[in-house]
Amino acid sequence: MSAADPAAPRRPARAESPLREAWVMFRRNRPAMAGLALLVLIILATLYGALLYGGDPYEIVWAPHEPPGATPEFPLGTDYLGRDIVAGLLTGGGPTLAVGAAAALLTMLIGVTIGALAGYFGGAIDNLLMRFTEFFQVLPALLFAMVLVTLFSPSLTMIAIAIGLVSWPQTARLTRAEFLKIRKLEYVTAARAIGARDGRIMWRVILPNALPPLIVSATLTIGVAILFEAGLSFLGLGDPNTMSWGLMIGANRAYILSAWWPVTFPGLAIFLTVFAVSLVGDGLNDAFNPKLRER
Amino acid sequence: MAGYLLRRLAYGLLLMAGVVILNFFLIRLAPGDPAEVIAGDMGGATAEVLAAIRADYGLDQPLLVQLGRYLGAMMQGDLGESYFFNRPVAELIGARIGPTILLVLAAQVISITIGVAMGVMAARKPNGVLSGAVSVVATIGYAVPVFWMGIMLIILFASIIPIFPVEGMADIRLRNEGWLERMIDILHHLALPAFSLAVIFLAIYARLSRASMLDVLGADYVRTARAKGASERSVLFRHALRNAALPVITVAGLQFGGLLSGALLVETVFNWPGMGTLAFDAILRRDYTLLLGVLFCAAAMVVIANIVTDLAYRLADPRLRGET
Amino acid sequence: MALLEIDELKVTFRTRHGPVTALDGVSLRVEAGETLGIVGESGCGKSITALSVMGLVPSPPGNIAGGAIRLAGEDLVGASPRRLRKLRGSEIAMIFQEPMTSLNPVFTAGDQIAEAIMLHQNVSRAEALTRAVALLDRVGIPEARRRAEDYPHQLSGGMRQRVMIAMAVSCQPKVLIADEPTTALDVTVQAQIFDLLNDLQRETGAAIMLITHDMGAIAEMADRVAVMYAGRVIEEGRADDILDHPKHPYTRGLIACIPNVGKGEGGEPPPLAEIPGVVPPLHLLGAGCAFRERCGSAFDRCAAERPRLLGPAAHPAACHAVEEGRP
Amino acid sequence: MNALLEAKGLTVRFPMPKRNPFAKRDFLEAVRGVDFALAEGRTLGIVGESGSGKTTAAMAAIRLTGPATGEVRFRGEDLLALGPEEMRLRRRDLQVIFQDPYSSLNPRDRVSHIVREPLDLLGVGDDASRDARVEELFSLVGLRRDQLPLFPHQFSGGQRQRISIARALATNPKLIVCDEPVSALDVAIQAQILNLLVRLQGEFGLSYLFISHDLGVIRQICQDVAVMYLGRIVEQAPRAALFSRPLHPYTQALLAAAPSLARRKSAGYQRPAKLKGDPPSPINPPPGCAFAERCPKAQAKCREERPRLAPDGDSLVACWFPG
């Protein structure tokens, strides 16, 4: 509303950095903090859980399809070969998370670079880069990733690269839109007027101001990449030598009608991870939104 | 409008040519002899077969000539020969494309209608219970792996409440019944796959239309409508919804590729006889010609969906209608 | 009884600084055929006053906490939403500041005017559209029939504001509220809109409440003026009295600080008078006069006690210095 | 006249997106062959309505919008002919104050950094002297030292405009382009900023190229005034001449339209020169006088042949039937 002019500080005021304000907002957001806590917990479990638990996820340790709770040694039961599901969950999270993070990083790298160049320079460069982006958007992401992994090697690196290669267009479009919007603002012209060169304007003036939506999108991209990795592994396109949550679901899916647990728990793990990531992403989105800050 | 459509179609063809060129180089960039790559996992392709492939594809000719031949063939609808099924790829895909379109469209319609309805209801009271529920559903929907969703539904409906078939597209026992019975049977089979796919996208549309609606409800022209004395109902459905729908149309277009990807996974879970199961078979057999054919057709579907979306957007937004 | 009476209106807003009082005991009246100018800087509460009369204060966070608004004797603050809808657009209408965003982009100009007519009068759509074209013609849009089929984006800013005016006067309202109707427009277009509003008033005898920050607009448009500062009316009177003999130090400063094309001829103009400082934020208003920190005539009483609107009924001011006859 | 900045035939046209690949490309002709000269230590005002090209002309003159053709001489040197790096270094002498106090300061930087940045980028002084300069500038524009570490959103509109002024002053420029510097401010604050600009001009011998749509503001601060309409200067005159004897019908209409305390409803004021309609589109503008469609005096000749800027007393006016 047209309330009073933003306060004119009378006494020496404390400097309120926009980033710190966002963090204050984030901390007040309970679902987001819960998501962050859950995410930290999952990361810790995948990093150190297997070490503490000590089981070998590949070793056949018991009869197949032991239901959860029946044997105290294997609280979540065993799979179709008689392998311990808890050990699988603790070991299989690492590759999933690593691929998710690496793919998200690659996505941001490609997407932000292309989007920034297109949005900043405009004209023919923009035209060319956006046609290129549209071309990549025409390819259904999962199918294209499947093709890449099938044709090349099903290693974790290749999977991360494939996911990165299919996910960047959205980031590029978002970055471009932000750059186009910010480029028109007077502080960008002001930067040029005081002698800033193109590179400085792009990376030191526009990018920091475009970051909030990009950070949110990066967070959500991690979630999407985890789902992608799970999907590929589920189809049997993952690295066959590495335990992962998607692989556990794929390997056990033939027996779902006789044993529900070997597919349910890994799926739940994926769900909780992505859920935590998206809670954090939503929280960041709200924290960066100045409209909500006034409440 | 017609001029616009023509240009849009020409651009679509250009994009498809791009896909063909990409396919061409993918085969050649893959490790190993292209002929062997094309032959795939046929169980030790014989020298004769490899020679036949080389002759067929002109692999002994310069790269540009090969590309020209490939482009020409693809644009005429010749997607090559599947070495596993021993049939033209175009024919194989032709048999499977219908079920995929059915699944994708069903999921699209369900997710948009229910999603937008949820979003609009949530936007009426942004701090209400319903609004919170929509946020929760949206976050969950975003986080569930679509294939796992399908599996959970199978477990639920196969063993606990067996009211929906969990596999395939039609019951062969009904093969000789009338068309109505068969159609009802197909819809019956469609329920679970379409629902699992729709849940994910429903979440996207619910969240998007809630945000878009809230945005529009704060707009000056909504205040104008209220100042005229319009009722809340008219404000919501006449003035706000049409504007709030614009971003939904955009996203529906952008998400089509994602929907197809999701359909691929759902098809393999439910054994739905579409392009997804075909692609899955192609991967299992390392039948690259078939796999790339599926990629080509899927891309074509996305191109067409994008054109339809653009046209829909132009109809919905008068600001774009004047442009040719 | 005046046509529109606002009596001790109090409006509060929830903010992150806690509840603030955006309007604090505002009393105004407007007679038929008269233009009341409400003038003040951003944040003084002039737009909230207008929205309160329309029953359009966004709630939450806003809330009418007390007072009354009476249209021809009928109380609007306690009226049912249904009754308010009935009055809005037919008895009281409003023109907004931003013609670019105040029209719905997906409907034609004619449709939007016709909608206003059909909401309050029992006419067919065809009849409403015919009337809409006539209204467009009346507000000075050339080729009205063709323009009625245009969408807002096909119209210039000035034309959009004319469409808004046509919509507002479509049901011959008794009160027309114009909230900074020309701020977003070029001066030559602003002049056209002012002339149009004056003509329409002469024709229909409507009361106009003109919200503005521009003393020049007040001079050209208003019969009477209320000057607002920090949520209160601090001076009120006939336009000539306020412009020629302002009492409140704030009004005096506001008039003196305007660079004016009409002041003298050519030559080097003297430096402008200044009002130092800025409007204090509403949540930091203390007990005393809200203007005291910017005021050259402030004395100890100003910090202790909030001045009330006192003096002759035709030209009261809320200032201790004026009340005590200090310089 | 000793001109600090002199523009000759300054032209800016922006290509419009083609309606289809075979159509002829349309151009938005923002500025069409504009000449003006700004003398050292003086203020030249450019006044006009939206779409008149006033801001584009000024920004093109100091190469903050492009692509401009013609000639812009700053102390005799053609700015439009300079290479990018040469131009960048020349910005030490050419600064800008922007219109919107909310978007002209980078929200992620502390205001001390904002004011110091020109010194860093253009290599003025050493580290310690730069810090001292920033403090000096702060007190010069009426801000307090303890406000240095704050962020822009912690200031009011008027204070932000003071920061903008401090930034423009940092490198001791010769010329400052003021692009509607007070139009986003409340009147009380507007007077503060205008008086500050006048004071600084006297103190440092600055020259201002002052863009505004408000004739009152222009009259208050500019010694010379150019009136623009649809990309061209239609009248140019010293302040006294322009306000006492406007010659171009458009200038007359502008003056008649500008709200004034002297024009009272109570006295039955009726506007003498009424203008109809809106300015025509700058895309493919008409061949004759651009104002002809709205001009009460227009004749057939006005629509066919373009009047050139010609002297008339102290003024220059582009009209076939001036006065």
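A, B, C and D label the chains in the order they appear, each numbered from 1.
Here is the rule we go by: contacts are C-beta pairs under 8 Å (C-beta built on N, C-alpha and C of every residue); 3 or more make two chains touch, one makes a residue touch a chain.
These numbers were taken from a predicted model, which means no experiment stands behind them.
Colleague: Would you mind checking which chain's C-alpha centre is most distant from the centre of chain C?
Modeller: B
Colleague: Tell me which of A-D and A-B has more C-beta pairs in contact.
Modeller: A-B
Colleague: Could you grab the centroid distance between chain B and chain C? Build each centroid from C-alpha atoms only and quote it in angstrom.
Modeller: That pair's centroid distance is 53 Å.
Colleague: In whole angstrom, how far does the Cα centroid of chain A sit from the Cα centroid of chain D?
Modeller: 48
Colleague: Report the inter-chain centroid distance for chain A and chain B in whole angstrom, where each centroid is the mean of the CA atoms.
Modeller: Roughly 22 Å, centre to centre.
Colleague: Check each residue of chain B and list the ones that touch at least two other chains.
Modeller: none
Colleague: Which parts of chain D, given as residue numbers and ranges, touch two or more other chains?
Modeller: Correct list: 156, 159.
Colleague: Mind pulling the chain C residues that touch 2 or more other chains?
Modeller: In chain C, residues 42, 278-279 touch at least two other chains, as defined above.
Colleague: Going by the contact rule at the top, pick out the chain A residues touching chain B in the complex.
Modeller: Of all residues in chain A, those touching chain B are 134-135, 137-144, 146-148, 150-153, 170, 220, 223, 227, 230-231, 234-237, 246, 249, 253, 256-257, 260, 263-264, 267, 270-272, 274-275, 277-279, 282.
Colleague: Which chain B residues qualify as touching chain A in the complex?
Modeller: So the residues of chain B touching chain A come out as 15, 18-19, 22, 26-27, 29-31, 37, 135, 139-140, 142-148, 151-152, 154-155, 158-159, 254, 257-258, 260-262, 264-265, 268-269, 279-280, 283-284, 286, 288, 291-292, 294-295, 298-299, 302-303, 306.
Colleague: So in the complex, the part of chain B that touches chain C is made up of which residues?
Modeller: 219-221, 223-231, 239, 242-243, 316-319, 322
Colleague: Inside the complex, what are the residues of chain D that reach chain A?
Modeller: It comes out as residues 59, 62, 64, 88-89, 91-92, 94-96, 98-100, 103-108, 110, 117-118, 121-122, 146-147, 149-151, 153-157, 159, 164, 167, 170-171.
Colleague: Across the complex, what residues on chain A touch chain D?
Modeller: Where chain A meets chain D, its residues are 5-9, 12-13, 15-18, 185-187, 189-197, 200, 205, 208-209.
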